[in-house]
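Look for subunit A in each of the two complexes below; its partner is subunit B in the first and subunit C in the second.
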Partner chain A sequence: MADRERPSVGDSLPELAVTPDRYLPHRYAGASGDFNPIHIDAEFAKAVGLPGNILHGLYSMALVARACAAVADGDPRALRRLRVQFRGMGVPEEEITVSGTVRAAEGDRLTVDVVAEQSGNQIIRNAEAELEL
Partner chain B sequence: MPVNEDAIGKEYPPASYEVGREKIREYANAIGAANPAHHERAAAQAAGYRNVVAPPMFCVVYSAAAIAPAVLDPEVGINLATMVHGGQEFVWGEPVCAGDLITTTARVSEIYERDGKGFYVFESASANQDGDEVVRGTWTNIVRGV
Partner chain C sequence: MADRERPSVGDSLPELAVTPDRYLPHRYAGASGDFNPIHIDAEFAKAVGLPGNILHGLYSMALVARACAAVADGDPRALRRLRVQFRGMGVPEEEITVSGTVRAAEGDRLTVDVVAEQSGNQIIRNAEAELEL
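Moving on, here comes the complex of A and B:
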């Protein structure tokens, strides 16, 4: 897509803001096949010391991937590599914001630093994405 | 107690997964991926795909059957009650579309101890029916208090 404006070093990704609803972890469990009860059973989660049922880390990573693909209008071919560290815990019913900054640009390849935050906590940090536009 | 490194290098049998169009749509809806190429065949074909195309992170769906036996392997010895998913990396190759048959293999790449925590690193590699690599994954699980 030649008419797409190509981001350059220092540019920000368009911020992605998502508030997962109460039953999102259940839908994600069905879609992904990960039925670990810490994600879908608040009582179980509390019994093992969590504040309640928590989001799947790989769901939060998928939001990071979405925010990256948005640079290419959602084209799934654009995302070539994504590395994340999971920190803290994501929870349903609170807004998650994904933000990123272009660290390097070479030809049609971008390297982007990304974080996902929720209520002031970084739930994904030190994420690095490589995009090909 | 030091971590047991005996399982480093262990490989697991390949696991196959046939990609269904409705599964892609279900997954895309769960993560909010709205590109019509994830939902409608005509839109996907107009964008140059054979069929409805999976979002990149759909790789966790078709990799699961290969990676789970490695994480659960008693020889690896992860205490699941104190395990957290610490990090994840994927490197993508060819896009994955409905109708593809994906085969994934997994291996234990690293086991080590740092700051009283056990680090268990697994690698997966997935290829489609033509033998083209579609994704490589590096899965890092951390166990507290080893």
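Moving on, here comes the complex of A and C:
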């Protein structure tokens, strides 16, 4: 952060935009060990009433974490606490945008409000991150 | 092998029968890093002319290795060499049987001919394993 101004209350996070590819959930299943078929089997997912196979919630949460860490030049250690509400289902092959606003700044500490949206749905909302810069 | 008679020429391996479940290829993709869609996306696989998503060949080969290691009470270190021909496509949710016959036995060394079949197709044939007991 030496070269960059520290964010102030009301500042926005740099917006993060990511389009998970068709097989992101399959790779996430492999990495996480969560092979729930709703994530990796579109046919099964439709049979249980979903629009198709859906993203793992923790993947979407990771995008929120990544957007927050951008404030510290991507250093994930800056993220001290993260609270989210999962409010919608993310799907592959549609862009997700994560945006946030600094709500409080005290010394090295920032509190940031964050939202992740996809196709007009807030898939994560009321997210709150604490960062130490 | 202390408690068991050493196999002789003409003896059969204990037959191995395994039915890979629907998501075996997905887990194998996660473990191997091979996320080729022909293995994890039935829709894609059909679009390119396959019957559905197919098993990874190395998974089928691993079943051959496992059947061979059974001769040494499952100790994979007994398997010194394995050569296979991939001759068919394996699919999930149908039983695979691996069978073999001891072709040569010299001291601690066995040479075994092995075949893996699924629904009447030889998915691996002309496989040859060398075992040291």
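Note that in this section the second predicted complex is superposed on the first by the 132 of 133 C-alpha atoms of A that agree within 3 Å, B and C clash if a C-alpha of one lies under 4 Å from a C-alpha of the other, contacts with A are read in each partner's own complex, and residues count from 1 in each chain.
Rule of thumb we're sticking to: a contact is a pair of C-beta atoms (placed from the backbone, for glycine too) under 8 Å apart; a residue touches a chain by one contact, two chains touch by 3 or more.
Values in this document were obtained by computation on a predicted structure and should not be read as measured data.
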Check: After superposition on the shared chain, which partner residues are touched by A:G30: those of subunit B (first), subunit C (second), both, or neither?
Finding: both
Note to self: In this superposition, which partner touches a larger number of subunit A residues, subunit B or subunit C?
What the structure shows: B
Next item on the list: Would you sort A:A42 into first (subunit B), second (subunit C), both or neither based on which partner it touches?
Entry: second
Next item on the list: Using the superposition on A, tell me which residues of subunit A are in contact with subunit B and, in the other complex, with subunit C.
Entry: 27, 30-31, 33
Item checked: Residues of subunit B touching subunit A in the complex -> 23, 26-27, 29-35, 37-38, 47, 53-57, 60-61, 64, 81, 84-92, 95, 138
Note to self: Touching residues of subunit A toward subunit B in the complex: what are they?
What the structure shows: 18, 24, 27-28, 30-34, 48, 57-59, 61-63, 65-66, 69, 73-77, 79-86
Next item on the list: Spell out the part of subunit C that touches subunit A in their complex, as residue ranges.
Entry: 22-23, 26-27, 29-31, 33, 35, 37, 40-43
